[in-house]
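Each of the next two complexes has chain A plus one more chain, namely chain B in the first and chain C in the second.
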Partner chain A sequence: MNIVGVAACTSGIAHTYIAKEKLMKAGKALGHNIHIETQGTIGTENKLTANDISAADVVIIAADIKINGTERFTGKRIVEVPTSVVIKSPKGLINKIQVELGLT
Partner chain B sequence: MVNELRLSELKRHAMTGVSYMLPLVVASGLLIAIGNIFGGNPSLISNYKGSYSIWQAAVTLGVYGMQLIPAIMSAAIAYSIADRPGIAPGLLMGMIANAIGAGFFGGMLGGYLAGWCVNFLKKVVKVPNWAQALMPMLILPLLASVIIGFIMFFIIGGPVAAASFALTDMLQNMQGGSAALFGAIMGAMAAFDFGGPVNKVASLFADGLLLQGVCGPEAIKICASMIPPFGVTLSWLMRKKRYSKGESDNIKIAFPLGICMITEGVIPIAAVDPLRVVFSCSAGAAVGGAIIMLLGVQSPVPSGGMFIVPAMNNPIGFLIALGIGTVITAALLSLLKKDAVEEEPIEEEEAELDLGDIQIK
Partner chain C sequence: MDIAGVREIFNERLIDLDMKSVNKREAIEELTDSLYKEGHIIDCKAFVDDVYLRENEGQTGIGNHIAIPHGKSDAVKITSIAFGRTKNDLAWESPDDEPVHVVILFAVRNVDKTTVHLKLLSQVAMALADDATLDKLLKTNDKTEIIRLLSQEMN
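Right after this comes the complex of A and B.
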């Protein structure tokens, strides 16, 4: 699958980046293409490109707060979860999404 | 509307508010602390035509920041609910809350109401095509501000102000067992997830009370944020073999972060052994929190770690609470933790989570 995503937590200094790392690691280990943007207190980093988004099969939003730029994902399949889910079970989440989308 | 009222939604809006508010809280708090420590409690600037010192300027700036907190909280909550059109009415509701004495909690309430009102207006107000541009520019901000503003002024403002006064009064007069219990709960919550959502609920409460002039909970929050990194460091010094090479490296980072009251450095250590680490840290922080309340330690500054201890009313009491909490956390960790296994696990274990209710839109 091609996966894009956004990670954002409340204080925007730790869980945001842990969530990103976990998703990237799990996605790569399972053989997916994955790009994750972080929206921390410092601002947006690793911004998703229009190409990343248009190629994506699914958008994973791992956020405890409102994120910016959701209009970029109009028409995409979107999964919204709190950061705790991707920190605890990133592979489980990605596998479940794959099954739900029938892309196995 | 029913969906809007789900607890997880309400919480996400509040957390958005917190995330926008935090930098302001920290900057204003430190400005007040720096000004007070170096300037010897200078008075606020009252006459800008006269002369004033840089310490007066620092404290005054910090106080401005504190007064803005209900407004930024309210605006961010309304923004989280209703997007950009929520910001203008949200800011105004925060100003009302500040002015009528409904403080931070009044600001939060105003933010929710303003956000919902904007969303409601978006749905029900229909304008001809030529007037579409007037919706976000004029109709939504004006109507939402008038409707919720009048509700705040004339209906709910008074009761909310009275309620926050009663809460303040109760907390200020709490003594003995109930004070210790309150301190313990606050401390345990603040340490529980190392800067995660539970910690943020506790800090939200503490920051809110600070604006009402109740400074004890802030001292608990600061203490409970520093006990986990200090406790882990102390237990590492006591029993090095409890920690792997990688964990030791993380502890060397966690300690200096802890001095600055950044508790997140403990996360990598907690991630390896969550149950024991979280329990030990929460237990130590609960004791620390109880001691803070019993000794009546108060912090007028919400953030800054060791550097703002001199600004507290009872720095020695704070250090006693911090020390005892740290020792308890360290002792529990040394007792409960097993010796570290040096080999890195090949496959990271994942928690079994119920992913059943996750929906793909």
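Right after this comes the complex of A and C.
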């Protein structure tokens, strides 16, 4: 799958980055292409490109707050989860999404 | 990130491998005290109150017996982290409902002139996404290795 996503947490200090890194590691380990943008206290990093988004089969929003720029994902399949779900079981989440989207 | 980078926000004096705390509040206070002694915090009570504001917004346990409480506070003079480990089972809200043995307390200035320190904290957080790193943090008695693990040099 081609996955893009955004991670953001309440204080934008720690969980945002743990969630991003867990999704990246899990996605790569499972053989997917994955790009994750972080929206934290230091601002937006690893900003998704229009090409990333256009090629994506799914958008994972791992956030505990409202994120910026959701209009970029209009027409895309979006999965929204709190950061805790990603931190607990990143591979489980990606596998479940893959099954639900029938992209096996 | 190189190890010199993480040393801007962290050092061996901010690592306690034998905390006496028996619960979450004591652990947060014990680590706050070490930050105070280093001159990184100017008011322990105000800082702990701000850490609890964040605690009330959602769990800071990240599983694997590790928790990352954090406070953004006017009481913080220098953005930094303190690391504590204890044999005691600390009850802590965590995704796997397991007791916590390692507490990594993030102290963040309310207003930082630059984002350098926040960037370092985000990199420490990313190091915590690795299960092998978490296992080592629970076991190693080498404080320099802990600093190295949190600066991702081993990964």
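Keep in mind that, in the parts below, the second predicted complex is superposed on the first by the 104 of 104 C-alpha atoms of A that agree within 3 Å, B and C clash if a C-alpha of one lies under 4 Å from a C-alpha of the other, contacts with A are read in each partner's own complex, and residues count from 1 in each chain.
Throughout what follows, a contact is a pair of C-beta atoms (placed from the backbone, for glycine too) under 8 Å apart; a residue touches a chain by one contact, two chains touch by 3 or more.
Keep in mind it's a predicted model, so treat the numbers as computed, not measured.
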item	value
Fit or clash between chain C and chain B when superposed on chain A	clash
First, second, both or neither for A:84, with chain B first and chain C second	both
First (chain B), second (chain C), both or neither touched by A:64	both
Partner chain in contact with A:21 - chain B first, chain C second, else both or neither	second
Contacts of A:42 with chain B and chain C, given as first, second, both or neither	second
Touched partner set for A:13, first chain B, second chain C, both or neither	both
Chain A residues touched - chain C or chain B, whichever exceeds	B
Which of chain B and chain C A:5 touches, first, second, both or neither	neither
Intersection of the chain A residues that touch chain B with those that touch chain C	9-11, 13-15, 18, 41, 64, 82, 84, 88
In the complex with chain C, residue positions of chain A that touch it	9-11, 13-18, 20-22, 25, 38, 40-43, 64, 82, 84, 87-88
Chain C - residues contacting chain A, complex	54, 57-59, 62-63, 68, 70, 72, 95-96, 106, 108, 115, 118-119, 121-123, 125-126, 128-130
Sites on chain B touched by chain A in the complex	8, 12-13, 15-16, 18-19, 22-23, 79-80, 194-197, 200, 262, 264, 267, 350-353, 355, 358-361
In the complex with chain B, residue positions of chain A that touch it	8-15, 18, 41, 58, 63-66, 77-82, 84-85, 88-93, 96-97, 100-101
